[in-house]
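Take a look at these structures.
First chain A sits with chain B, and in the next complex the same chain sits with chain C.
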Partner chain A sequence: MHRLLALILALSVPGLAQAGIVFTPHLSEYARLAPGQYTEFTLITTEIEEIYDRNGRKVHTGAPFIPPGDSVDATLLLLKYLWIGNLFRDSEIGFLRDRPQFCRIIGTLGHQQATGNAVRRGLTAGQHSGASGLGDLFGLCGIYGLEHRYGPLKFNGLFGTTVKFPIGRYDTDSLLNTGTNYWSVIPQLAVHAELFGRIYLDGTVAWQFNGDNDEPAFGGLTPTDPADVRNLEVNLAWKFSEHWFADIGWSYRETIGPNRYDKFTLNLRDQPLPPTTACNSTQALLGFSIPDALCNSLEFFYLEPRPGPYRDRGIKGTLLTAGLYYIYRTSTVLNLRVAQPISGRGGQIDAVYDVYAMPPDSPGAAPISQLVSTQNAVQEAASVSASPYLELRLVYLFWAP
Partner chain B sequence: MNAHHLRKTGTRLFVALAAGFILAACAPREWLLPKLGIEPPRLHDFPADYQPPISAQTGQPMPGFGGGGTALPQTPVIFVHGNTVSARYWLPARRYFLDAGYPVNALWALGYGWDNVRYFDSNDLSVDSIERIVDSVTAYLSKTTGREIRQVDIVAHSLGVTLVRQWMLQTNGWHRVRNFVGACGANHGVWTAWPDARGQNRVVSFELAPGSPWLAQLNRHGETPGHTRYMMLYDGTGWADVLFPKPSEDSPALDGAYNIAYNREHGTYYDHLELPRVPETMRAIVDFLRAAAEPLPQAEPPTIVREGNVLRASQEDAQLHCTDDRRYPNAAMPPVREQPLAANRLYTCYAHNPRSGLSSPMARYMRSDPGEIRRSAPNLRASPPPGSYEQPQRIRLETDDPQAFIVYSIAGPPESGSPLYTEPIYIAGPVRLQALAIAPDGSTSAPLVLDYDISLELIEARRTLQRQLEPDTPVHYTAQRRKGR
Partner chain C sequence: MRPLNPSMRRPRKSSGYRQALALACLLALPAAHAEDVTLGRYLPLYPGLYLDLGHLRDARDRVFDQNGDERDTALPTLAGKTELPLRETYARFAWTFPLFESQGLPFFSSRLHTARVTLRHVQTQTDGALAGYVDAQADLKREGSGVGDTTLEFGSFLWGSSNWRSEDSVPGNAGLLLLGINVPTGVYEHEAPTNAGSNHWAFHARLGTAWRPWQSAILEAGGGYRIHLRNYEPQFGGLAPAEQGDEVWVDLSLDQRLRPGLHLTLSLTERRGANNRYEDPQFAPNAPEPPNASSDTVPTPGTYTDKGTSLRTATIALSGFIGQRWLLSLSWTHPLAGKSGAFDLPFTNRQPAGCIEGAATCSQTPGETVTVDGLGPARSYASDRFVLSLRHNFGQGDAFPCTGCSR
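What follows is the complex of A and B.
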């Protein structure tokens, strides 16, 4: 009896996976660098034309409700400040005096905008489709391990913990946001190795503990309980000369269990719906259908979503990266990198809508039918881009020659 | 406690920790801790009766280690660290040398510089500190052992290599150094230094840029002067030591030194910081140091005696090492019992006694016949005049006596063995340049004392926003330099 209700609003937009990007290592990311202060400016830009669905298939953004060709254009600017030093040097604290500490602050600014049909569809649910402004703030502190050498191999470990402060701009009525509205604590273990003085390996395992999001965006299609995420990343670089490096990287992130959604409210702004709209499954603008029996007997329909709880199947994504580095003197590093997703899984939930013949909040109103709609979850915690992104990075050392 | 509370507590702890670190990052602990009434921890492993010298940079007693026993059966070793670090760099070497049988009394390291990457050290600005270190260590050991300690061995790393070489050159101090081991020194430049550097690092960049006039000055009259034994230890592959890539992989080598391109020769991969601190290379250093004979304990060093136009050593068993081509003599020069002075030639000599192992300072001589009528002592003048300049200067010295030679120093009053003026002197930092013209008969000009201030602050004072808008605004420059500049 129940037929698929394919709501128009299921655009599935990942935004930029900020946390994922932040922890994708670069050349010598985890090396015991010289003590000092480093600043870094990273510009990331992407045009998300494809995403992954819950079965790991690559589909175009907004599929199947809008035709291919529209996208979400996103630009993220990361401003990083890194301090490396040793507060305990020359002290009696044996463990710490030999192991430098570091702290990093990462501020983010973002601009994201959906295009064309994606915007129009968002408006039917009273939702915005663009966001600009301050992103979340990341604070990271940690400690380097000792350096070890075995012949041509030199390596060191690192332990750090990042806290994501959800200070970014966040609008519950927006398809896209530059902030996430939930805290994260991310301990990580990392290693840096150098082989023959020419090959550099950086890798990390990070566990991202996510807090709750009591105010989900876009009608509850961002999780209220984002699942924790495990990250595994490796970067391999080759030194051509003191000035030129190239690297390739592999990055994997996967939620541990499903994301949970229990404040699902996404609905059409203009109700009731006439049968000419609600019952025409080929109607391009709406793209859902109501069972024929109801269509033939009622003049108007009201839809009311059930808030949940729902779960997706969890998300995951694998990226390959390739980059080129130019080191100008020793104070400036220019880095161009391309990241290409090679597999993934996005969040989707089967949301339940009650169909009413009168306003749902009317006395005596009772659902006349229930319909299930597969909704694509949105934003960083729940959606996975299948489109490449481009990264332009500038690292500047205040003190270097 | 559930996971939510754990996260919240962990987050608060992290925020507090991060705030502490960020505060520390913005305000160095050497500034911050005294404000809180806490003495910043520093390496200070000296005997109670030893007063470390004052650093020419920080104005504070130098941190470090050294001494601690009474026995001193061998020449003491002074370790000199590189840029932006301090004496702690040499703690692994101290452990190794102790294990190799060195007495604790013989091992010294003092931190001469800022010990901070925000404030770069430089060669010229640290020469005074090296002088103080060597004076302090030899004076202390002479006092505690009851015999004059005239020589030291020096093991230096990175900036310390060119710094010690500059100290020996400027103070005519080769006779005080029995062995000099330099690891990873930018003797012929380092690619990270640029001749157009701006900012607090610029003095050392001016000095160590490949092909810099400063390096030419350091190397011009011989790379291994004196009877000092030189060993230069470096990477040589162009890959392991990031400071010396191809084609400058042999930059640290010195003509006349025992050069070991260790990684190239042994197939190892030790990097810039590791090279002098791993057991294999430290074994090589110890072997090199021990290959030199110990000086006789109570011996006096020889001096050079001039009798008319002939030079002799003051001791029967001592000999002279001389050159007449303006280069410094060294142990490779054939020794002579006496050195006649030919006309119109400038001789640079030192006396060395192979039995005692001691040498005299360098000195220069010209033939002077008694019948020659000389007018007054030579005059000496300099251009550009002393003062504050934005950019490094080349100081031209001129004397009105065409037969006189000119010597100079940035480390006190010059003497005849001080650096010989043959080309304009390159000044990259704030130094006091002192010069002297010496006639063949030994008469000298009045000493010229010139204070040059190559100043970043002057640049900043001249280019304020207000002066951009109103060029007539006076320049407020007080010749005060901020630290590290």
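What follows is the complex of A and C.
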């Protein structure tokens, strides 16, 4: 039985890549695996039509700047290599001699693209709305705890630490990016338990320490100081036969305090603004129009955002997942899973714009008015999807001693 | 890798086994594009994992223009010669496996199936006349190189795989239905005329059959259909299609074993693409001159279509085995005929230059119309393509003698 499960367990030790979307539970994720080398290929795809605002309400993507009907389509490919063994098996180090170690590398490829009006809105600010290519690289190592048995129950623990290397493609002039441009270090404690060889429970607590992002994207709507994040997850699986398993899971993540934004620059690309644009078209990008009294009195306008600092209210999200597993022989696992967000809170800031009648950087220029725009923060550290996603995984055991 | 499950043992190392392995290893060599023809592409493999590593080069310095005439440049509407050379390295993992054997499911349980993942790294470049135009603009880039798109495929052998457990498992004929997805993970610089990625999803279905007219030869024929989804941000100011036309292709090939372990393959392909659609182009390298020094001219917003694309190619490939698990192959593809996409783009004159629409002092009048070459998938190149590939058969990586055994 253990040998069959070895492959299932190999699915993803701390399944963490692009933490906002992948840190979710899997079947037997933290069980002690058979020593060997495993590969895994995962496809995750979603069409984000709804997001959570800062009050925890579901709103359509791009609200209130664009009408409903558009989305952000995101796809993530994960390529994982896992090694499990015991470097200290023949040593005199008692603690390590009995506890296997593991290391894992997770490479990511991604494609993210906004549609229709979301693209057009970005272009008014000189921003792109799509990104493709290499994502960040995740490396992790850890150690398994001893396995304990009490009648029909057996369980073990696990400790691991993941480091996210921000090597992914990152364009500061883009609504979306496949890379994050900041480091993360994520220690975690986990437990795996089996009951009667039929019921499998996995759970973990993880703390994600985030570094700073000195070059925010999309006009500063990604945090320059992403808050740390705590994660909780639990997964319950049922074994139908040697070939078939099903599971359900729950995961929760929440920032510790707010995200900070202090390089906000989002602005209309083409300036000065003629009155027709200033009175009407600013609504699409900035959510406000220059008051009629001003529009009727001047020929041109300039807008200049204040860089901040701004803070959101922090983000959080809760997911439910359900998956089905098929095991072919002992070398291949196919897994299909869906995830449904059930609650959340996204990042928003109240950005201040100064209105000028002459170029803001010209001598003697002074703002003639101030307007406030509530902007949705973007990308992984600040935006929370309210739309489901689909995950398809293929695990292959290359070699085992 | 010793097969430990007695019921899953491999064929003996006889001449039949060698032949089976040969066919298996030859299956699906370089497959950077679905219409590529490779020997054994419609024959079932013995279950296991196969890895293809390949490198292709294409100078992309010649095209078939919108009239089907071969031109000595990649962009016929732009004065001077333009080259968009391409170098691609790919790795493809291909699994062949039975599925739901013990469940007795109709169709699935009695056949072999295949799953394939193709990863790419693409290096592109812009040289010549277009490079001069790009360098003169502040916001444009010459190319977007890096990770390419990812192809995912799943297929079932409709016939010819039911006796794969038997000793002599080389089928006399076989058929494959393959469904695939292009995942646009490739690097896509919106400001560049050539990119590693496509920035849009595509789905294809491919159906083909293989037949052995005599013992040392394989004749294969098939075809496919590909649907392209929308590209929401087409490259280079919208000169690539926002919606690529659907494609249909057919292929035919004959492989002859010249001597044990050495194969020669001759192939023909024909691909046709429906009209491509372009939306709101932002500029054109061959834009007309503005009427006077104080005005400028910009493309008139709108939706435009070309008249579709096509390409007919011939390929010759030589493949040789290096031991039992390695296969080295070199192929040369020569385009025979084709057609690229181009469309007529009207311009609008603005007075004064750079004025914003809606401003009281901005006047706009109709300008000239020029023919513009479509970029990206709208190009049908007339240049030769060379592919060097190496295949390794990992076999079946089972770690344990049977499923459900106790440790």
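Assume the second predicted complex is superposed on the first by the 370 of 401 C-alpha atoms of A that agree within 3 Å, B and C clash if a C-alpha of one lies under 4 Å from a C-alpha of the other, contacts with A are read in each partner's own complex, and residues count from 1 in each chain.
Everything below uses one rule, namely that contacts are C-beta pairs under 8 Å (C-beta built on N, C-alpha and C of every residue); 3 or more make two chains touch, one makes a residue touch a chain.
Computed from a predicted structure; not experimentally measured.
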Return fit or clash for chain B versus chain C, each positioned on chain A through the superposition.
-> clash
Is A:Phe209 touching the first partner chain B, the second partner chain C, both, or neither of them?
-> first
Between chain B (first) and chain C (second), which does A:Glu242 come into contact with in this model arrangement: first, second, both, or neither?
-> both
Touched partner set for A:Gln340, first chain B, second chain C, both or neither | neither
Mind working out whether A:Gly197 is in touch with chain B, chain C, both or neither, as first, second, both or neither?
-> first
Based on the superposed arrangement, let me know which partner A:Ala34 touches: chain B (first), chain C (second), both, or neither?
-> both
Who does A:His128 touch here: chain B (first), chain C (second), both, or neither?
-> second
Which of chain B and chain C A:Leu109 touches, first, second, both or neither | second
Is A:Gly139 touching the first partner chain B, the second partner chain C, both, or neither of them?
-> first
Could you say whether A:Val185 touches chain B, chain C, both of them, or neither, answering first, second, both or neither?
-> first
Thinking only about the overlay and not a real complex, which stretch of chain C clashes with chain B: 92-100, 182-190, 254-262 or 380-388?
-> 254-262
Share the list of chain A residues that count as touching for chain B in one structure and for chain C in the other.
-> 34, 36, 242, 329-330, 398-400
Can you name the residues of chain A that touch chain C in the complex?
-> 1-4, 6-7, 34, 36, 41, 43, 75, 77, 79, 109-111, 113-116, 119, 128-130, 132-134, 169, 242-243, 270, 273-274, 276-277, 299, 326-332, 394, 396-400
Which chain C residues qualify as touching chain A in the complex?
-> 1, 5, 8, 49, 93, 95, 97-100, 102-103, 115, 117, 119, 146-147, 150, 152, 183-188, 190, 196-197, 199, 230, 232-233, 356, 358-360, 362, 394, 396-400, 402-407
In the complex, the residues of chain A that touch chain B are 34-37, 83, 85, 87-92, 101, 103, 105, 139-141, 149, 151-152, 154, 161, 163, 183, 185, 196-198, 209, 211-212, 239, 241-242, 329-330, 398-401
As the complex stands, chain B meets chain A at residues 3-4, 7, 10-11, 14-15, 17-18, 21-22, 24-25, 29, 41-43, 63, 84, 88, 117-118, 120, 191-194, 197, 199-201, 204-205, 237, 239-240, 242, 245-246, 268-271, 274
